[in-house]
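Structures given as C-alpha cells follow.
Next, two complexes with chain A in common: one pairs it with chain B, the other with chain C.
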Partner chain A sequence: MELAVADHAADVQLVTLTGRLDAAGVERVETRFTAAVVAPSRHALIDLSAVSFIGSLGLRMLISVARTMHRRGHKMVLFGVDPLVRGVLDSVALNDLIPIANDRAAAAAMLAG
Partner chain B sequence: MPPEPAGTLRLALPPTLAAVADAQAALRAWLAAAKAPPALIFNAELVAEEILANVVRHGGLANDALVSLEARQACDGLCLTVEDGGAPFDPRTVPEPPKPASLDQAVPGGLGLKLVRGMAAALAYERTAAGLNRFSVTLAAPRHGP
Partner chain C sequence: MTDPRQSVPPDAGGTHIMLARAAPLPATCAAHFLVVADGPSAGQRFRVGETPQVIGRAPPADIVIEEPAISRRHCQVREAGGVAIIDDLGSTNGTLVGDARIAAPTALDDGALIDLGPVRLRYERLSEAEAEALAAAERDLRQAQAYVTALLPAPVTTGPILIDWVYHPCARVGGDGFGYRQMSETSFALYVLDVAGHGTGAAMHAVSVLNTLRRGTLAGADLREPASVVAALNAQYPMEAHGDLFFTLWYGVFDTSQRVLSFASAGHHAAFLRAPDGARLAPLWTRNVPVGVANRPAQAARVRVVPGCRLYLFSDGAFEFTPRDGGRHAIEQFVPLLTAEAEFATPEPERLWRANRARARPGPPEDDVSIVVVTFP
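Take a look at the complex of A and B:
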C-alpha cells in the first residue's frame, strides 16, 4: 500500500493511494494517510484509481479522516474509484458522507461548490 | 474428473492480520485458477477478510491458536466457512449499525458484517460439538460480468 502527496492548488492537496485497502494494507498506511491528509489544514482530493480492493477497515479509515477534516473546516473528495471498489462504497452509502466524483476535475468542482 | 483445481480449498492460519492477507492471496489465486469471475473473487476476498479479521481482532485467541478457512465451489457460487475456537459468537445476531445523518455523527467501524450481509446469498452459524464457532457464507456467482 503506497501513498503519494502532491499539490492540486494552493489550498488543495492531491493524495494518491495505490494498492489494496485490505486489513493489512490499512494497517500499513493508516497513520501516514491520516498525517498526510489532516495535518496540512487544506482540502484534499483523494485519487483511488489505483486502489483495487477495499474492506470495512478501509472504509473506517476514510470516514475517520473525513470526519476529522470536516471538524476542522476542510473537505475531502474521492475520485477515480474502480467499479468493484465503488460497489463496496455504495453498499454502505458512503457518498452520503464523503463526496465521490468520477474524475479529478469533477472532484475539484465539488470542492468549489 | 477434472484434474484441477480441486473443488475445495482449506487453509489453517494463525490469528494475525498478516495471515489474513496471506489467506486472501491464496483464495484469490485459487479462484483465479478456477476462472471465477472477478466480481466473485472480489466478494470472496472481502467476506474472508471481514470474518477472519473479526476473529483475529475480537476472538481473544491464543497466539498459537489456528483459524480455519474453507472455500468450496457450489454449483452456482461459492461457500466460505470459518471455524475458530474463540468465545461463542454468532455474527448473525449483531445489529446493523445505525445510518449516520452526517459525517459528524458517523461512528467509524461496524461496517464489516453489514458488507457481508449485503453480499451473501445465505448465512449459517453453529457452535460445533467440538466447541468451535462455525460461520458459513454462501456467495452467488454474479449473473453478469465482469
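Take a look at the complex of A and C:
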C-alpha cells in the first residue's frame, strides 16, 4: 500500500492511494493518509484508481478522515474508483457520506460546486 | 547492576523505548518471542524458553504454523544465556535469518527477521514487565471474546422458524455479533452486526449493542420496525461518543402470521433469501450508511416469505479472505455456495464454513466469521 501527495491546485490537495486497502494495507497507510489529507487544512481529492480492493477497515479509514474534514469545513472527494471497489462502496452507501466522481476533473468540479 | 533503562530521563518519550530496546538487557529480565510478521496470523507470538521447541507445519511440532512450504520439523528455537538460538532441522526450504540461509545454530539479534518459506517471523526481546503487559492485554482480549460468545443465542430447533449458526472469531477478535428473539406471538427479530475494527474495543462495542438489542427495548424505537431500529441505534451510538467506532447492521423482523420479513441493512452487505426450489436467491439490502456515522432517517423494505425459504445472514469475514491461490475472495465468490446442494448430515452453516476453509489460505480466519441460516418451514 503506497501513498503519494501532490498539489491539484493552490487550495486543493491530491492524494493518490495505490494497492489494497485490506487490514494490512490500512495498517501501513492510515496514519500517513490521515496526516496527508487532514493536516494541510484544505480540500482534498483522493485518487483511488490504483486501489484494487477495499475491506471494512479501509472503509473505516475513509469515513473517519471524511468526518474530520467535514468538521474542519473542508471537502473530500473520491475519484477513479475501480468497479469492484465501487461495488463495495455502494454496498455501504458510502457516497451518501463522501462524494464519488468518475475522474479528477469531475471531482474538482464537485469541490467547486 | 544498573538497569540501563533507568539512565534514560522519563520525559524522553519515544526515545526512551528505542534506547531501552537497544541496550542489552540482563538475561534474568528478558523474555524472548517469535512474532508472526505478516499474513492472516500477523501479531501471533510464541514465547521462546530454555526448553527447545520445534517449529513445523503440523503436530507434534511445538509451534505449529499451517503452511505447506514449511516442513513438518522445520527448525528449532531455544533460549540459552539470555540469547535466543535458532537451528534448522534439515527443512526442505531452509531457515533464513536476515535473508541468509543458516547452516548452524544461530544466535538472534533483537528484531531479527526469520523466513520459513513464505512465513516471516520477527524475533523480539522484551523485559518481563513488557511481556506481562502483553499477556494481560491478551487475557483482556480473550475475556472480551468470551463475553461476545456468551451473548450469542442457542440455535432454534423447533417452532415457526429454525435457526442455526457458526461463529469463529479471528485471533485479534473482530467486532461480529448476532442475535434473534421472539418479540411477540407473531414477530421474531433477527440481526447481525459487525463493528469496524479489531481487538477488545471492537468486541466490547459489539457487546454493548448486542445487549441493547437483547433487552428488547430501545429508546425511541419500535423494535418491530427495522427503519426505526436503525435510526434509534444511530442516535444512541454516534461514533464520536464511542471511541470512533461504528458498525454495520442487518436487522430483520419476521411476522409469522403474515409471512412477511421486514428488513433494513445499514452499511451491511445484503442478506440472501433462497427460494424453496433452492436455485433462486433474492438479495435483501437497503441503502443506509453504517450505524454511528450519520444521524439520518433509515430505509427499510419487506419481502414475502413462502414456506421452504431459507435466509442467509453473514458478516464480511464469511466472504472476504485470501484464497489459497492468492488474490482476493469476495462476496461474488461466496454467494454461489448458497445455492449449492446441501450435504448429508452437515448443518448448513457448517457446510458454508467448511467450503470457505477449503478455499482460504491455511491458518486461523483473517476476520470474525458469523454465518446464520434461518429456515422458514
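Everything that follows uses one rule, which is that the second predicted complex is superposed on the first by the 113 of 113 C-alpha atoms of A that agree within 3 Å, B and C clash if a C-alpha of one lies under 4 Å from a C-alpha of the other, contacts with A are read in each partner's own complex, and residues count from 1 in each chain.
The rule we apply is simple: a contact is a pair of C-beta atoms (placed from the backbone, for glycine too) under 8 Å apart; a residue touches a chain by one contact, two chains touch by 3 or more.
All figures in this text were calculated on a predicted structure; none of them were measured in a lab.
Shared-chain residue A:24: touches chain B and chain C both. The partner of chain A that touches more of its residues, comparing chain B with chain C, is B. When the two complexes are overlaid on their common chain A, residue A:64 makes contact with chain B and with chain C alike. Looking at the shared chain after the overlay, A:109 reaches neither chain B nor chain C.
By the touch criterion stated above, A:53 is placed in contact with chain B and with chain C alike. Of the two partner chains, chain B is the only one that A:98 touches; chain C does not reach it. In the superposition on chain A, chain A positions 22-24, 53, 55-57, 59-60, 63-64, 67, 84, 91-93, 96-97 are in contact with chain B in one complex as well as with chain C in the other.
Chain A contributes residues 22-25, 27, 53, 55-57, 59-61, 63-64, 66-67, 70-71, 83-84, 87-88, 91-93, 96-98 to its touches with chain B in the complex.
Chain A contributes residues 20, 22-24, 53, 55-57, 59-60, 63-64, 67, 84, 91-94, 96-97 to its touches with chain C in the complex. Those residues of chain B whose C-beta lies close enough to touch chain A in the complex are 17-18, 20-21, 24, 38-39, 42, 45-46, 49-50, 53, 99-100, 102-104, 106, 108-112, 114-115, 118-119, 146. Those residues of chain C that touch chain A in the complex are listed here as 38, 42, 194, 196-198, 239-240, 244, 246, 248, 267-270, 285, 287-290, 293-294, 316, 320, 328, 330, 366-367.
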